[in-house]
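Two complexes follow with chain A in common, the first pairing it with chain B and the second with chain C.
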Partner chain A sequence: MLEVQNLTRRFGSAFALDGASLDAGAAEVVALLGPSGCGKTTTLRIVAGFESADSGSITLGGRDLTRLPPHARDIGLVFQDYALFPHMSVGDNIAYGLRRRAIPRAQREARVAEMLDLVRLTGLGARRPAQLSGGQQQRVALARALAINPRLLLLDEPLSNLDAKLRHTLQTELRQILSRIGTTTLIVTHDQEEAMALADRIAIMSAGRVLQIGTPREVYEEPACRFVAEFLGQALWLEGRAGPGGFTTTAGTQLAAPPSRRVAAAQGLLIRPEALRLDAPRPGDNALPAQVAGHRYRGAATLLDLMVEGTAPVALALPPGSPLPEPGASLTLAVAPAACRIIPVEAG
Partner chain B sequence: MKRGIHLWLLAPGLLLLAMLMGGPVALLALESLKPFIPGSMRPGEGWTLAHYRELLQPAYLVYFWETFRIGLIVSTLSLLLGAPLAFAAVRSPRAAVRKGLLALLVGLLVMSLIARLYAIEMAWGSLGPLAPLGALLGFAPRHPRYAEVLVGIGLLHFTLPVVALMLVGTFRALSPRLEEAAASLGATRSDAVVSILLPLAAPGLVSAFLVALAMCISNFVAPLVLGRGVVVFTTSLMYTRFADIGNYPSGAAIGITMLILAFLVVYGLSALARRLVPR
Partner chain C sequence: MKVALDLAARTLARLAVLAAVLFLLVPLLVACLLSFDDRSFLGAFPPQQFSLRWYRAFASNPTYLDGLLISLQLGLVAALIATTLGTLGALALMDPRLAGRDALEAVFLSPKFVPTVVIGFSLLVFTARLGIFDPFTRLVMGHVVITLPFTLRAVLASLIGVKRSQIEAAISLGASEARALWDVAVPAARSGIVAGAAMAFVLSFDEVAVSLFLSDAFTQTLPIALVAEMRANLNLTIAAVSTVFLAATLLLLLLLDRTIGIERLAGDVGARG
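Let's look at the complex of A and B:
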């Protein structure tokens, strides 16, 4: 449906985009995830038509958008700050795109009512945006973008302006709305939890390039490179080299691991902290010496900070009531070989 | 208690305002109601509306008409020219354009109006190098309308930088996201300007227009330097009454009349704007 190929964009001598490519199928929700400055917002603005790429192309449903002005692209956009028209009622905001398309009044009003129902704001059409809460404004922005039945929906950090609790509720609701309407959607976010919760596939961006695009499970469990591995969730990353049947860390620890699926000159070993165990190793388990750096009480769990071979501490969540090793204590961690992944340092 | 303190804090300002502005205007209003005794600086006894009645004669009405007509034309022009300048100074993608425009506007503002008026006179006056251009446009330098155009240009010099700088503030307060949202919903550039930008900028546009109008109708030097006696504003008339003839009551009556007229225009235009753009 959406194909973005090889976008480059330079600001002065710096590359904002350095050959970014991604795609989204019909009715698919794709999240563009990356740290600030990675080029995800620039990508969104180029897809929307507010900025132009120095090279590369964008096609939507077979139509080349690259040279089209924003108003001819048929793309619905929800801005981070919502950008609701403050001088218009909620209903007029939602009807704005319909008026531009010269939809007859009766149809327009029916569509506005339908959209208000969809985002659960029935009856609030006469209000001004300023009279609504942040969460309600967010939903008006969504209704306004969806009213025109766009071929593509773009969401720019859709939930970042809301407080944590509301964000959670709206996340679920947004997911339901997106699957109900079945519009191809591109979400730009820096929040990995949001990306995992909303997207069918996640594109991880860094330094103007898409490093990996895949399902949440793929990018978390089979990251394409060290950056992706460490950007998503917590990662214990060990340097060393891959050999037959396993991995030898720089400190000399031998760990059994399945062979890497990717070919790369330099590789490292990724272990997610949730795979680490404090109990006695079972037959076939890897044993990994570690030191306790400290612990942090978090209510539902206590986080045990562990240092392995001089790495930055990784936190292991222990259930309440678990015996806590003293800070400074040395212990041996058990980890199944299947949980050890040999990963390229750089994306191929 | 707290409220009382606030009011007391206002007192010095209010007192100053009363002494510096309210008092003199009140005296002016009283003066305008006194009879004039020719040859005497002191007004006569009793009260009269003669000076106001006098202003209703066609010969005087023309002055008011001319002042407001030229003022309204120049204010409209400064809005039409100033709005795009201000918009470019806020939204141009090139930093050099934004900074250059702001520097130009501030530069115009700080340059003495007298100097600018004589510069216009030198350039466009009957001996000026640009006078033939005026003739090409259909105005011989001796044509009375020519003086009017020159006065208009002079006033525009005065109002344009002020209007543009005021609108810079107005446009800065409007998020470019709003126009982008309009564009993504299918609005062309001009459509977005009419449906989003203008309504939201309307209060700022109205204020800028009213300030320009106030600057024009109270201006004295532009008609004096460029008007050649053909274009005479009520300000010139007032000056003659006060300074040349010494008819203070009549000068005061013109001043008070202008004040009332200006209030009516400001009020009328604001009400009109509120009507056109419901908030």
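Let's look at the complex of A and C:
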């Protein structure tokens, strides 16, 4: 449906985009995830038509968008600050795109009512945006973008302006709306939880390139490189060398691990902290010496900060009531070989 | 000791404020009172008898009446043009992609800092070179130049709340750039447009220096007619005209205060941020 190929964009001498490519299928929700400055917003603005790429192409449903002006692209856009028109009622905001398309009044009103129902703001069409809460404004922005029945929906950090609790509720709701309308959607976000919760596939960006695109499970469990591994969730990253049947860390620890699925010159070992166990090793388990850096009480769990071979501490969540080793204590962690993954340092 | 000093300082400050207020208001009041003087000559203050004779003299003096008509026409035409240009200019300056925005804004606002005498003289030479000799056209050009910074500034100030994302939202929904500005920015700028237009009219109405250069004996604005008349024969018609002038300006300001607020007006016009 959407194909973005080899976008480059230079601001002065710095590359904002350095050959970024991604795609999204019909009705698919793709999240563009990355740290600030990675080029995800530039990508979104180029797809929307507000910036131009130095090279590369964008096609939507087989049609080349690259030279099309933004108002002719049929793309619904939800801005981070919602960008509602303050002097118009909620209904007029939602109807704006329909007016520009010269949709007759009766149809327009029916569509506005339908959109208000969709975002659960039934009956609030006469209000001004300023009279709504942040979450409601966000939904108006979504309804306004969807009213024109766009071929592609773009969401720019859709939930970042909301407080944590509301964000969670709206995440669920947004996911339901997106799956109901079945519009191909591109979400730009720096929040990995948001990306995981909303997207069918996640494209991880860094330094103007898409490093990996895959389902949340794929990118979390089979990251293409160290950056992706460490950007998503917590990661214990050990340097060393891959050998037959396993991995030898620079400190000399031998760990059994399945062979790498990717060929790369330099490789490291990734272990997600939730795979680390404090109990006695079972037969076949890897044993990993570690030191306790400290612990942090978090109510539902206590986080045990562990240092392995001089790495930055990783936090292991312990259920309430677990015995807590003293800070400074040495211990041996057990980890199943299947949870040890040999990953390329650089994306191929 | 310190308390006494504080008290002295405070008293002094209050006296200064009082003096300033008196200095601003007393001349106006004197002129106002004199305009009702019944004597046919400039006599000792205060007048002993009051009448409307100078107002009758004003109403029957064709120089003043023509001047008033010219001033009103000029004010309306200049305000209309300056407001239109100022609004378009402000909308253009709003676009973050516009290169050299600060420099352009400075150019737009520069007539505010150039002495009006210089503007008047330059325009006289310039219009002569262009072959424009019609005094009304010349006056309109001059008044547009001096009022444009005020209309631009007023509209710019009212556009501060408009975010680029709102314009882009309208565009993504199918509006052309111009349409998006019309639908999103112009409604927000309405108060600035009204304030700028009113300010332009008031400024044009009591402008002297530029008009002095650009008018001729047959096309005089009211202030120019006043100056000419004062030189020719000094009498209290001038006081009557001044009072009418003052009343008209106050009325307009009052009207503006009711509609958009005087702070906004003063802020838009006074501030060069």
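Definition applied: the second predicted complex is superposed on the first by the 348 of 348 C-alpha atoms of A that agree within 3 Å, B and C clash if a C-alpha of one lies under 4 Å from a C-alpha of the other, contacts with A are read in each partner's own complex, and residues count from 1 in each chain.
The rule is simple: a residue touches a chain if its C-beta (ideal position, glycine included) is under 8 Å from a C-beta of that chain, and two chains touch if they have at least 3 such contacts.
Computed from a predicted structure; not experimentally measured.
Undergrad: Once chain A from each complex is brought into register, does chain C clash with chain B or fit beside it?
TA: Partners clash after overlay.
Undergrad: Considering only the touch criterion stated at the top, classify A:Pro70 as touching first (chain B), second (chain C), both, or neither.
TA: both
Undergrad: Output check: A:Gly97 vs chain B and chain C. Expected answer is one of first, second, both, neither. What do you get?
TA: After superposing on A, A:Gly97 lies in contact with both chain B and chain C.
Undergrad: Touch test for A:Arg282: chain B only (first), chain C only (second), both, or neither?
TA: So A:Arg282 meets neither chain B nor chain C here.
Undergrad: May I ask you to decide whether A:Phe79 touches chain B, chain C, both, or neither, giving the answer as first, second, both or neither?
TA: Touch partners of A:Phe79: chain B and chain C.
Undergrad: Once the shared chain is lined up, is A:Ala48 touching chain B (first), chain C (second), both, or neither of them?
TA: Both: A:Ala48 reaches chain B and chain C.
Undergrad: Just to be sure I follow: which residues of chain A are touched by chain B in one complex and then by chain C in the other one?
TA: Shared contact residues on chain A: 48-50, 70-73, 75-77, 79, 81, 83-87, 96-97, 100-101, 144-145, 148.
Undergrad: What residues on chain A touch chain C, complex-wise?
TA: Touch list, chain A to chain C: 48-50, 70-73, 75-77, 79-81, 83-87, 96-97, 100-101, 141, 144-145, 148.
Undergrad: Under the definition above, what is the set of chain A residues touching chain B in their complex?
TA: Those in contact with chain B are residues 48-50, 69-77, 79, 81, 83-87, 96-97, 100-101, 144-145, 148.
Undergrad: Give every residue of chain C touching chain A within the complex, in rising order.
TA: Against chain A, chain C makes touches at 161, 163, 165-166, 168-177, 179-180, 183-184, 187-188.
Undergrad: Show which residues of chain B lie in contact with chain A when the two form their complex.
TA: For chain B paired with chain A, touching residues are 175, 177-178, 180-188, 191, 195-196, 199-200, 277, 279.
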